[in-house]
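By letter and in written order, the chains are A, B, C, D, E and F; residue numbering begins at 1 in each of them.
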Amino acid sequence: MTSIGTGYDLSNSVFSPDGRNFQVEYASKAVEADGTAIGIRCADGVVFAVEKIVSSKLLVPGANKKIQTIDKHVGVAYSGLTPDGRHLVDRGRSESYSWRGLYKSPIGVPILADRLSGYVQAYTCYSSVRPFGVSVIVGGVDKSGPHLYTIEPSGAFWGYMGAATGKGRQAAKSELEKLDLPNISARDAVKAAAKIIYIAHDDSKDKDFELEISWVSTSETGGDHQFVPKDLLDEAERLAKAEDDDDDDDDDEMDED
Amino acid sequence: MDHMPENWGRPRSDVYGSYQHAIHSAGPQSHTQVPSITGTSVIAMKFNNGVILAADNLGSYGSLARFTDQERLIKVGKETVVGFSGDASDMQYLESMLERLIIEDNYEQDGHNFRAPHIYEYLSRVMYNRRSKVDPLWNAILVAGKKDDGSPFLGYVDLLGITYSSPCIATGYGAYLAIPLLRKLVSEDEDAKNVTEEQARAAIDESMKVLFYRDARSLDKYTVATVTLDGNVKFDKDVRCQNMNWRFAEGIRGYGTQKQ
Amino acid sequence: MSDPSSINGGSIVAMAGKDCVAIACDMRLGMQALTVSNDFPKIFQYNNSFIGLTGLGTDVTTLSEVFRYKVNMYNLREERDIEPETFANLVSTTLYEKRFGPYFVGPVVAGINSKSGKPYICGFDLIGCINFAKDFVVGGTSSHQLFGMCESLWEPDLEPEDLFETISQALMNAQDRDALSGWGGIVYVITKDKIVKRLLKTRQD
Amino acid sequence: MNTMFAEQFNEPATNHSTAAPIEHRFNPYSDNGGTILAISGADYAVLAGDTRHISGYSINSRFQPRVHTLPGEKPLIVSANGFSADGETLVRRLAQRVEWYSYNHNKPLSAKSCARLIQTMLYGKRMFPYYVATILAGLDENGRGAVYSFDPVGSYEREQCRAGGAAASLIMPFLDNQVNLKNQVDPATGEPKIATDLSLEDTVKLVKDAFSSATERHIQVGDYLEIKIVTKDGVSVEYFPLKRD
Amino acid sequence: MVGFSFDNYQRNQFLTAKGYPVPTATATGTTIVGCRFDGGVVIAADTRATEGDIVADKNCEKLHRMSPSIWCAGAGTAADCEFVTQLISSTLELHSMSTGRAPRVVTCLTLLKQHLFKYQGHIGAYLIVAGTDPTGPKLFSIHAHGSTDVGYYLSLGSGSMAAMATLESKWKKSMTKQEAMELCAEAIEAGIWNDLGSGSNVDMCVMEVDKPAVLYRNYRTPNERSTKEKSYVFARGTTAYMSERVRPTVKPLAYDIFEETVSSTGGGESMEIDG
Amino acid sequence: MFRNSYDNDSITYSPTGRLFQVEYALEAIKQGSASVGLVSKTHVVIVALKRNAEELGSYQKKIIRIDNHLGIALAGLAPDARVLSNFMRQQAMTSKMVYNKPIPVARVAHEIGDKAQKNTQTYGRRPYGVGLLVAGYDETGPHLFEFLPSGTVLEYFGAAIGARSQSARTYLERNFESFPDCTAEELVLHGLRALRDTLAQDKELLIQNTSIGLVGLDTPFKLYDNEDVGEWLEKLGDVGSSRGRRQAEEAEAEAAAAAETSAPADEDIPVPDVPAEPIETDD
């Protein structure tokens, strides 16, 4: 790393001679350390899934949600510093709340993603703040259809049909590419998402994890962002496990289930 | 041709009286002190398995029956119904506030949902604070649903921030015409335990009919909403007054001494 | 500003007992908050009928003279005493005659019918609507207080001496909570053949 | 809404020729009836109120309790009566202030201090007052019953007993007479009677009679009587039916 | 009627101008109803008279007899109801003596409305007029300004809407006497329980064709006061007084007895003239 | 402790994406005495060890009542906890005033989490130096949350923070499966046993140094201090440090935990300094 010791990486809003903002890059490291999060844009909606690393068996299963809701119709999943993620979600909520106050209608997902990325970008511009240590997948259904975006710590945002971030993003991305996007149904996308999280999970590094899946779909949830029903989650997890076992039978010892 | 755009589409001044320009030219310091499009009574009562309420579908502009498809009962959250009488624009403002309240409540999806007492308290604070600014929201509101202990809840709040609960409540003319009928069934909370949903519905229908007979700003088309203790909310829309009787008027001639 | 019937202040109460009635008044005459006199009795006797007149001082005096005149005329025409019932109707019509320019008074009548021996009490509004009562009637600026007192203290069939205690306590405690009444009290306890008049010992403020 | 009746019955001779336009001014106050009554004794205090809630000539609710218990280990009871929206708000805000007091000072608020706090809160709205007659009841530092009464802008006084609200003027002289034995002399000596502490049982009887009498003569009083009693053991409640017409 | 005297009018106008508001008379918040049935008509009223928020009379009479078969229920200013019905009642009596026939209800109605109209609403009487005459049972209402109305069922007063709600929901075209009586009683009770201006008891009057009217004073009494917890009779001597004067009741025609102070008791002799 | 250039403030990432200032704030918690929390199906218990600054000094308040249904136990900078508890009380009262509803435990816990996060992203502030165990009972049941200065808020069946809390955690991990069916009393005793494991060698649980908070179904938050603790300690029986009794493997775990703590956690430092970096950059 050429950054250390140069002094150009000690403050936000400072470029190095070769035009890099190291603090933003370091923030991305925080993202890479956290569990995988993915988003899938399907035929009439969006599916989110996260791999929640279980650091203690005293944690209450199912209680510490990582996927959050920004508005009725918008969900968000992220990897990185969870408190930073909550901060950004808070900002998203007030954007969408004030939009409703002004226009008496739900905010469009592209506009929301645009405003959020602007907010994130602002945190790269000043020495008095630090960049967000999260990479955010935000998606939902509005009157122009389903949308899925990721927002990077730099404030850059892109639209996706399938997005992944966190530790296992590489594996997840290659799996996402195999899907028939965006024609996949919401239900199939849920099952696919479960499978991808299981594949992306690295058993050698993290012992235990919890799967969390939510969706927004015109046909399944009436356009509202909700966690998927328990039976569907169980089924998706069962299928994912079965497949994961098949794949990994040779090279991995399965001892946790 | 009237060249003043603000007059277009208004009721004719020679028939309905001139438009109150004070409303239009109100400056930022001047608060709306007069309701314009209004809805009349909302009536409600508890029964053994919940609360039932009704409001007709008329939006009046003074004495003009301006809108005949005004919905004044709304579902808020999962198991609460709020009924509005009074100014329609203030009602819509409150509606949007409640919608956003519920959206905020659903952010966490953590099993906590606002129920009737919480929505009622919120509305009460909003109404009282606005009256304290001498800038009231010109409504009388009923909130119906479940209490925290699972029993039926019914509460009233109005433009002054006055609040009270009772097993039967009605706003507007309903307080004079419907309450005597409803109170015969449920004078206290205990009485509600002996009233079935069918009996309650019959009493509500009867009251709406009496209101249509005697309240000049009412309509014979109304909505009935029922909240049951299992958390269900049922809306029955476009209900019509049944078995009305106007024919006895045929037997009446004049106002006293006229021959039959 | 206070209405005309509470410029001068004053209170009156009448109660029925067992073969007896009592009527009592305060002694105050004021000009708004200023007390002018503590010797302004408001009960007048015509034959065996008693009337208590509260309200505008001038009307109290005027009406007491009007009634004296009218009762005297009745006596001369009819050659008999006036009964309380008849007197009550006389009061009523006299007041209603001034329907659109009323005397500002709230009269109370009490007496015992000389034929039947029955106690009779009644009250009026300022235009002569009679309020027939079996228990008690009140009037004047402390009428609210008197209603509360009488409703709590009164009970049926009180003997004359008990009736005196009850009506006196009602009057005194009521007028103590009214700035416009007080400064003494007079109580008449009337039985078929005896009239007991007592001047109460009360606060003088 | 009751102006309808006022026009019909109270003002038949309304002058129709007034040229001024009809002005719909918003009046931020109204009257919701209700009567309250407090009596303090040697080791108790009683605060009672009817439960009828009215607007104009209508009964809004037959059971809307208006006597509130403040939070804390040594509870105080309070009722603010008149314009019910102001009354409810005052009591709720007071309850929160009392709770903050116990957080900040690690001890319950005494009756005396609570009375002063109420004064501050009432006077704080001197120019837009809470339209209420307020009574506070509890036990003082020595365990004696204490009753404080307040006017709408915070003038207050500790008293033996006090009635407030719609029928206060009917009840107050009765209390003077029966609690403080005003205008009574001892028949044996001719000396004025000296008031002594009433037993709790007698007090409750007196309260019931005061209210049943007020119900007879005041149209706003009725339905139920709620009697709250503070003793060193806490607050107990008793209900008593009143006439409903 | 001799007519009203306006002697005090100017003085009172002066007082009003100085800012003293005119005190209100006993204005009865009231519930009154009337209802026809097959072969007759029934009217009913509550019995509460109020002065502001205070109950002035717990059991007053709001049903007034106009003629043996015509009765009138009154709401509004109590004195006006009392005196206007008295006045028209005597006019009717004279009329019927002059014609030798029982008065008709429409005659009563016309006399009342003409009188009230003349006074332009200043006589605050709101009346329900009912009765039977050779043309059958009749039921009317009159407002203070003199307008009248005909109906099968009517209600008036501050509790009129509570009563009307009951009537509208329970009334039917053909009813028996008993049904009509129960309906009216229930309508009045609706006023008693729901309207603060109405209370106490139900008075009722039933008028059937070819029968004398029957008055049911206190037809229902749902508001008896329960006994008090304590008795408040004072020990004799509890009230201190400064002086006492005892006199016998006044003896007939001996007016100068005022000048004497007689301390004996003993009953007076009653006069024979009244006998 | 070595000093690097990335730990001067809370708004600078290290090249590996860490926030040292925030991590140091987490260390501050370990300077405080231990607090332990645990949950059954119906109740939550928080217990805490109090310290006094010197022999004659009073003991530090460790458990704070927030509302009828809610309380917190703290470890670390007590003044910071006071600020946070006041904020929580404010939130709880607002909820009661505006919604007539006791504030949901999860929501108030996240409120302080979000508040703490802001201190980690803006220059001129320092992260809070206190960890909290938020215990409460609401309509979704009993809840126990651990709040950390990073803004992290997680829900646990059982949690321990503060000096030597690893020992308590070990106890909790070994026993937590039995917690759900515990009565309130059993739960308190479990809590005390876990707390006992955090004691220094020669110390024992006394009525002066033990605080217990209990809340749950039909049980408004009840704080036991001083004399009130006596009966609980009697029920507990053995109040001494369990170090002497500890088995070898546990001693090992303890050693590891002690290694984590960079400064010796002396019992007589009530408000510990953050080692290496004094917190003088505060605003």
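Quick note on the criterion: contacts are C-beta pairs under 8 Å (C-beta built on N, C-alpha and C of every residue); 3 or more make two chains touch, one makes a residue touch a chain.
Everything numeric in this text was worked out from a predicted model, so none of it was measured.
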From chain E, how many touching-chain steps at minimum until you land on chain F?
-> 2
Most heavily contacting pair of chains is C-E
By CA centroid distance, what chain is farthest from chain A?
-> C
Between chain C and chain E, the Cα-mean centres are separated in Å by 23
Centre distance in Å when chain A and chain B are each reduced to the mean of their C-alpha atoms = 45
Inter-chain centre distance, chain B versus chain F - centres from mean C-alpha coordinates, in Å | 51
What whole-number Å value describes the gap between the mean CA coordinates of chain A and chain D?
-> 59
Per-residue overlap in chain E, given as positions that touch at least 2 other chains = 54-55, 77, 122-123, 193-194, 228, 232, 234-236, 238-240
Touching two or more other chains - residues of chain F = 97, 106, 110
Specify, in ascending order, the residues of chain C that touch 2 or more different other chains.
-> 144, 147, 152-153, 168-169, 172
So the touching chain pairs work out to A-B, A-F, B-D, B-E, B-F, C-D, C-E, D-E, D-F
Across the complex, what residues on chain D touch chain B?
-> 1, 24-26, 28-30, 32, 53, 55, 58, 60-64, 83-85, 88-89, 128
Within their complex, state which residues of chain B touch chain A.
-> 96, 99-100, 103-104, 106-110
Complex contacts: residues of chain F adjacent to chain B = 97-101, 104, 106-107, 110, 138-140
Mind listing the chain C positions that touch chain D in their complex?
-> 144-145, 147-149, 151-153, 168-169, 172-174, 176-177, 202
Contact residues on chain F for chain D in the complex?
-> 89, 93, 96-97
